[in-house]
Every structure is written in C-alpha cells, then in structure tokens.
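Reviewing the structure listed below.
Read from first to last, the chains carry the letters A, B, C and D; within each, the first residue is number 1.
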Amino acid sequence: MKIAFLGLGTMGFPMAANLLKAGHSVSAWNRSPAPVDRLASLGAKPAATPAEAAQDAEVLISMLADDAATRFALLDGGALDALPRAAVHANMATVSVDLACEFARLHRARGLHYVAAPVLGRVNVAEAGQLNILAAGPDDALVILQPVFGAMGQKTWRVGERPEQANAAKLAANFMIAAAIGAMSEAVALAQGHGVDAAQFLDMITSTAFAAPVYKGYGKAIADRQFEPAGFRLELGLKDVRLALDAAAQVNVPMSLASVLRDAHIESLAHHEGHLDWAALSRTAARRAGQI
Amino acid sequence: MKIAFLGLGTMGFPMAANLLKAGHSVSAWNRSPAPVDRLASLGAKPAATPAEAAQDAEVLISMLADDAATRFALLDGGALDALPRAAVHANMATVSVDLACEFARLHRARGLHYVAAPVLGRVNVAEAGQLNILAAGPDDALVILQPVFGAMGQKTWRVGERPEQANAAKLAANFMIAAAIGAMSEAVALAQGHGVDAAQFLDMITSTAFAAPVYKGYGKAIADRQFEPAGFRLELGLKDVRLALDAAAQVNVPMSLASVLRDAHIESLAHHEGHLDWAALSRTAARRAGQI
Amino acid sequence: MKIAFLGLGTMGFPMAANLLKAGHSVSAWNRSPAPVDRLASLGAKPAATPAEAAQDAEVLISMLADDAATRFALLDGGALDALPRAAVHANMATVSVDLACEFARLHRARGLHYVAAPVLGRVNVAEAGQLNILAAGPDDALVILQPVFGAMGQKTWRVGERPEQANAAKLAANFMIAAAIGAMSEAVALAQGHGVDAAQFLDMITSTAFAAPVYKGYGKAIADRQFEPAGFRLELGLKDVRLALDAAAQVNVPMSLASVLRDAHIESLAHHEGHLDWAALSRTAARRAGQI
Amino acid sequence: MKIAFLGLGTMGFPMAANLLKAGHSVSAWNRSPAPVDRLASLGAKPAATPAEAAQDAEVLISMLADDAATRFALLDGGALDALPRAAVHANMATVSVDLACEFARLHRARGLHYVAAPVLGRVNVAEAGQLNILAAGPDDALVILQPVFGAMGQKTWRVGERPEQANAAKLAANFMIAAAIGAMSEAVALAQGHGVDAAQFLDMITSTAFAAPVYKGYGKAIADRQFEPAGFRLELGLKDVRLALDAAAQVNVPMSLASVLRDAHIESLAHHEGHLDWAALSRTAARRAGQI
C-alpha cells in the first residue's frame, strides 16, 4: 500500500520501519531531516514537506508530538490539501478530543477519511511491532487500515465510529498511568515515613498484587530515584492528564483523582522537574512530607 | 509447635488449617463457635475462650476483624494474660499503627514478643498457603515464627524491627488497591462519557499495561457491575484507607489521593453501598457524572 | 471624552449610562439591538457594528460575555481596525489571561493602548457607580482612563503594568467567591448531618466571623434554597474557576482548592444545574451526603 | 450562682473574670496555678483540684484545651464525681462530637445535665463579654445557664437538644475559617505568580466582597508574613479540621474541601510550621508553587 508517514520520533520511526518491513511503500517526512535519511536507508522515500509525503498516498499515518505539531503538519504543511480524494488518515498520536472532532469535520469536507488510532506501548513494543492500537472511525476506513495496523501492532481495539472515542480511551488509559505513579508515590511516602525501605516495599508490591508493566517500570525508577534520562517526560504526562480532564469536562464527567494529579504535576514543574521522567512525580509526595 | 489461633474467619480458617496440615498443634478460638468445630474436625483443639487457647502456646496467631476485635480477644478475653512468658504473638490482621505500638508495649511489659505480620492475598491464596507475609518485629521472634509463616505463605517480607512498620506497609498496599479501583472508576466514567464501552475498555487496559491481579479482579467486577456477594466490603476498604491516612498523619505525610478516595468511600456509604464489594466504589464516579 | 461602549448587558448598560450621566459622549453597540435603543434614549449614539462604534473614539470600553464574544466584536466586528491611532481600549470584562496577553500584543502592533480593567461588584453596585475597578496596563493609558473609571466606580486599584495582571487578580477574587460558596456548602452539609438547622447556622456565621457581602448573599440563597432566578449562573462560575486554574497553571501555581471546586461545578452541570444561581453549588455537597 | 470554672487559659480567664464581674460566686481550677491566683485576686475561690472546684457548684463551666484535657479534669480529676446531683455542666471548649456523646451519657447516668456551648470570638471578644455562644442540650439546663452565658456573651444560639449538635456547628464554623485561610493562600499564590502584590490584593479583597473579620485578620497576617506570635496555632487548626472531618464521617458527609485543607495542614507540620499562626497555612500554597 502507498503510505505517507509524518513524524519519525522515538515511536514513529520504528512504526514506519515496520511498515517498510511488511512491504509497504512509505513516503516519510519529519520536522528534522536526520530520521528521514535513516528511514530512507531502509527503503523509504524521503519527503521535504508534509504535502510532498501526502501526495499519491492511499493512507497517511501521523505520529506527531501534540495538537500543535499535528495541526501544523496537516494544515500549514499542506498534507491535508495534498491527499488524494478518498485517502485515509490515521492519526496515531495522543491528541485532544477537540482536535479529533475538528479533524473529522475537516476530512469529511474534503472527501477524506479520518481515523484516530493512538497506541499503548513504549518504544521497545513499537520496535517489536507489538503495539496495542485503539482505533475509532468509519468502518470502511478501519477495514482499509487493518493490514497497516497489523504491521505495527499485535491487536487493534475498535472502540467506536467517532474518532474522538479512541482519543478519550487513550487519555483514560494515560490518566490511569498517572494515577499508578501517584499512588506509588504516596504509598512510598507513607512507608518511608515509618522507616520502611522504599525499594523493598515497591519490590513486594510489584511482584504480587501489582505485578503489571506500568507498576514494575515506574516502580523501579522510583525505587532507584533514577529520573534521567527520561523515558517519558513528566511535562508530557501533565499534558495528557490535562487532555483527560478536558475530554472529561466536555461530557460533564468530574475526575477528582485526575485533578489532584494535575496539581501534583504542576507542583513538579514549579520545582523544575518537568524534564525528568514521569516517575519523578514521586518527588512531590516526598517533598510535601518533608522527606527531601 | 504449640500454636494458639484466634479468629477463624474467611482468611483465618484456611491459614489455621494449613498450620494443622504442616503438623503443628493448634488450639483455636473464634467468636462464633461453628468454625471452631469445623477446625476441630481437622485436628485442632477447640478453646472456649481466647485465654484457654493461649495457655501453653509457644506462638499465638491472631487474625481478627479490626482493632476492636483484636483488643477484645487479647485484653478482655484474657489471651495476653494467659500466654506463657517468652511466647510470641504474631498479629496477622490489618490493624492500625496505633494498636501495633500499644501492643508492642503491652507485650514487652509482660516479657512477651509482639510481631505484626499482615498478609497480601485473598481467600484462595490463603487456602493454597501462598500468602505474602509482611512481618516486622524483633529478629529473635521472627526466627521462631519462620516455620509457622512458611506453612501459610510463599514468602515472608521482613520490613523492620518495629511491629508498626509492617502495618504501615500493609496499609500503604491497601491504599494502592483503593487507588487502583478509584482510577479505574474515573477512567471508565470518562470513556463511557464518550460512548466507549466500559467492558471493552477495562478488558483492553487489564490485558496490557495493567495486567495485574488487582486490576483484573476489580476491573471485571466493575465491567459486569457485579457487586454482590462482596469479596471485600467497601466499608472495610474505607476502614483501611482511614487507617492509612492516620498512619501517614502520625509521621506528617500528607496523602492527597488517599484523602480524595476517603471522600468517595464516605459518599458510597451515604448512598447505602457500604455492604457491596469494594468495586462498587465505581458507582460514585458514575453518579457524580450523572451516568447512573 | 468620546467613548465607544461595546456590550450593554446587565453590567454594561448601567456602566454606560453612568458615563452619559458624567457628560461623556458615548457611541454604543450591543449584539442585540434593544439595549442600544434604550441607551440611545439616554443620549447615546447607537452604532450598528462594533467598527461603527469605535471610529473616532478616544476610549473604547468593552464589557462582553467572554473571550469569544470579545474576540468577535474586536476582531471580526472590526472595532480594533476602526479605532483611531493612540486610542485606549479598556476591557472591563472577566476574560482569560491568555486573551489579555494576545490583545496587548495586537493593540501595541497597531499603536493602540490596551488596559485590562475587570470590576468587583454586581448590578446594583454598577448602577450606583460604586464599582471597584482592578486596572492594569501602561501608566499613560491609565491616566487617560481615570475620569472614565471615576464615572463608573468608587475606586480604581492599579495592580500592574501588564494588562493580564488585572485579569489574574480578578480571577483570584472570583475563585475566592467559589471557595466561599463551596465552604458554606460543606459546612451546611456537616451541620445538617447532625440535625442543625441550615438557615440558623448560616445566619449565625454570616452575622459574626463571616459578616461579608459574599457570605451574606450566597448564604441566604443557600438557606432559602432559592436558586432561580440566577443572579450569576453556576456555569459562569465554572468558567471563572477554569480561567483561574489556567492562569495559575501558566505560572506553575497549583491550586488544590480550585481543583476540587472545579470538580464540584462539573458535577453540578452533570446534574443539569448549570443555569441555576452559583449558590446551587451547595446541592453537590448535599447530594454527595445523600441529603437530597 | 455558685459556679465552678475549669480551665483559665487565654479564653477561659476573661470568661471567668466576667462571671465574677456579674456577681457570681466562682470557684476556679487550672492545671498551672498562676492564673488561679490571678483570678483569686479578682474575687474567685481557688481550688487545688477539679473535684474541689466542683463540689457545691450549681453550674460547672469547662474551657479546656482539647478532649484529653477535658477528660482528664472531669474524670481523673474527679470533677464529675464531685458535682452535686442536678448540677449543670456547660463545656464551652471546642471538642469532638464523640466526646459530647460520651459525656452526655456519663452525665445522665449521674443525674447531671450536660450542655455543649462552644464559642465564636477570640480573646478580645471574650474580654468584652461579647462572645457568640453556640449552645445545645436539654432545654431546662439551657434556661438555668442563660444568666451565666449572658455574662460572657452577646448572644446565645440554641442549635439543638443534643449537646453534640453545638460541637458539630462549631466545627463547621472552624472549618470555614480554615477554608477562608486556604482560599486566600491560593488566591495570593495565583496573584503573586503574575507579579501582583499580595498585600494590595488582600487589601482590595478584604475591603470589598470579603470585608469580614476572619478575612481581615488572617489576610493581614498573610500580607505581612507575620506568623509569630501565634494568635491561634496552625496545629490547633489542624485539630479542628480533623474533628470536623470526623464529625462529618460519623453522619456520612464527605467534605472534599476539608480533606484538601487537612492535607495542607499536615504538610505545614512536616515543614515544622505547626507552632506558627494559622495564617502560616499560606506558606504551603507558596511552597508548592516554588515561591518560597
């Protein structure tokens, strides 16, 4: 299939590489050119602009940093205008519910199909082609995308016909990660307050009732106080918690845990910890308790 | 070893049965007599009072409902006075940090040893003798207890020399369960607010990043809206969250997520849901969003 | 002075009328024409568009519903383009810090002066010309505006040279009103839970330590359960709490009380109470406690 | 009337002095003897023990620091046993709802009357005999107490027949003070974050919509950062917020603002600020925002 790929970051690059491996033709653009060259060495066709990548594509995949970068590439960068009629755009980044609604309208108006397809899984999972893909959009478009998704992920979860539903589900999942980190942070502060070793407590909890990837990964970082280099920056975590709260407010859903977590993230930023790994959220609980 | 066992509830009974299976001599008491008779049929010596069970014991295990029941059996019920000098008392129930401190003093004053040893794992885990035991107390006493713990659990985690440290760790763990249920509840409210199917969302999340026993168990109950019969009653969950907050306040540790969860539990009680399973906490998030 | 006035709502109308009374020449525009006609009968010059009102004005006052309405009148409506060079625009509405920053830039680029001057006080205070005006902007512009403000308010508080500072101060004040209503709501729920009469409790508290206009006014509405007609709609209160949280997040200030209040407001909307008076926020505390 | 007075602290002393001024016979006890001597110089009869003060009394007033001190003087100190049958005990301190219920039972069992009568107003108000008294208890007892209350307060608010109702009302009022301080703290953090002067902001707000004693008093302390000497210690504020939460939990009333405030107070203690004036709660909002 002829695929345009916009955004070759830490996640986008291995996803695009897997498309090449599966035999698809990939025309790729990235804001900075180096990853484009690297992907070209794997067989991709380099594009100097989003529009250049998009022309002739049957399917366009975008995996950009946030709403602004996505809007920039698709609108200012001309990708949307360049796409052939009836092409399918699958936006696999974590963006706002608002953007999904706006993009669904813009695509429809041009005779294009818009699918939201954010993913669960980090870089190593993307490299292995084992992502879980949360997809929402028109049925026809999802059928077209299935072989594309199959090259990048182990499973596609179809969560609805309106694209923003996939974003809502993804934001709900990311909120749960924030809550897991936040809960470990407070639990550790309590345990440490009584002289219990944080590393032992986290080892215990993550090898029993909480033996899940999220807890093991962030738990180890908290135990080791290892917040650099950041696997996923705290400030991006804040972005996602905010988007979750916004998505919830749109449908009048109050989220009291999410609000508390938002406050804790902002406190992290006030203490210059936004560039650290998301696990550094644990420092806020410790700081409030006078432990650091 | 000659063991006295106080409290043959859903957890205590299989734990005591495992002690018998391992060849220990068990003298057992329970507030209501039926479980005592059942355990006697497995080889235990029935005791009419806590004191009767305790006399001649080398080790006393208590697994009672809460602080009040523990205080009643040990103090009013005479078990403490009946224990032979140098006996070891392992309190395996989830009780307050305050009680642990008070009991440590009372035992020391009588030449007895007090160990706090609350457990992770539910009834089926107790039956299989596969509990995780969080133990804190004097080293000598823990050495004596090891064969006893070995008959009931797969692993003993020694978290400190002061008994209350084990209670603090256990309460921190139970708080994390409350946080997990609370986070699923809000995530589901958000997803449902956008028309995403709750069961599918929970299936997705608990088969990927949150593939841990706590999430799978409570997630299924939330998805199925199956809150009766209660595996663990919401009102007991509230008790544990309160004890966690109390334990934290003692050492000046603020826990903002725990506070929010406490409020949600109280709201559940105000709506007559305290007798339901802990998973029914999800109804509060839904009710606040006008979804039920 | 030649003044253009945009927005003749419940607040704007008496403010503009006071300008006329003070002898100023007022050219007025409003989205719906009726208030323009009424003000014309008091001596104002009616304008069919924002641009028509703005041409020839030395000072432009805007008092519009929110960011969107303000942006619409000034930008789409052409007022900004129509203003003579060196004119001063005083935006007296409660808008976002973001809008203030954006407008300050836009005005500067056109050689215009932008002042943010939101007000404290409700309709009767506006009618009496006794508003408290929170003003921020360039000193020169504030000097020019002083006779204009003097016709509408009892006092002008100069809070800074950057316009958004006045908006931040105004949002901080409105957050405090939300907090006062929220605190009364929870206090009443506690008192009522013990059978204490809500009206008596509120009478007591607002005639002693809390004998302030905000408490007396909203306290009476809570005591009487009189939420219609709305003096200030709850959904507008939510807007202001959100703007306060946004303004705080911009400078990395976490506001935990504001977050809790935001959740409570959203819960009110989920229960179809957004059109009621702000005092109806009290229903959320009562509902959570199962009292209604 | 023959009155026993237990507890001559900063509040109790002027209250007892006003009873003497009104012509009552007062027998007084205090833990430390100096205030007893001072009151004796005004005409009181010094008592060496609570029991000695209580014998022959028609009315006993207690104004002790907290539950423990009250329990100590009345029970261990023998005052309750010493009171003549049919005597009336008015406990004017801020104590828990639990203590009120327990004391009501204990008094009834001895043929005594128990009235809870906590007060609103600080030292200068007590000295002026202008306290607001929140009274709850049996009607007969309240009739007997009226001339006594009249000598100490400007008004008695009868809030119910069960003593704990007055405590619930008083705790609700003190929670509102905590909320007022907390709201000013966050508002100031927001304003300061945008470079608005805290003192000017507080001056503005407390001379307009929030022109009430609580706001003026604590607002000035926040503006001046004057937290010593403490008018009312932050750690006592925490005690009252906790008692309010406990009183609310008893009747299944969740209080989300109170929970957030409790967390903030604990954070203050963790930073060694418990001995400072209640206004120092503002430091927590500032610290979270990285402003101090």
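Observations, loosely collected:
The working rule: a residue touches a chain if its C-beta (ideal position, glycine included) is under 8 Å from a C-beta of that chain, and two chains touch if they have at least 3 such contacts.
Since this is a predicted model, take the numbers as computed values, not measurements.
When the partners of chain A are compared with those of chain B, the chains appearing in both lists are C, D.
Chain A and chain D have centres, each the mean of its CA atoms, that are 53 Å apart. Between chain A and chain C, the centres computed from C-alpha atoms are 38 Å apart. Centre-to-centre separation between chain C and chain D, using Cα means, comes to 38 Å. In chain A, the residues that touch at least two other chains are 248, 252-256, 260, 263-264, 267, 270, 288-290. Judged by the touch criterion defined above, the protein chains are all mutually in contact, each touching every other. If you check the complex, the residues on chain C that touch chain D are 97, 120-121, 132, 134, 157, 159-160, 162, 164-165, 168-169, 171-173, 175-177, 179-180, 182-184, 186-191, 193-197, 200-201, 204-205, 208-215, 244, 247-248, 250-258, 260-261, 263-264, 285, 288-291. Across the complex, chain A meets chain D through its residues 256, 263, 267, 270-272, 288-290. Chain A makes touch with chain C in their complex at residues 248-249, 252-256, 259-260, 262-264, 266-267, 269-270.
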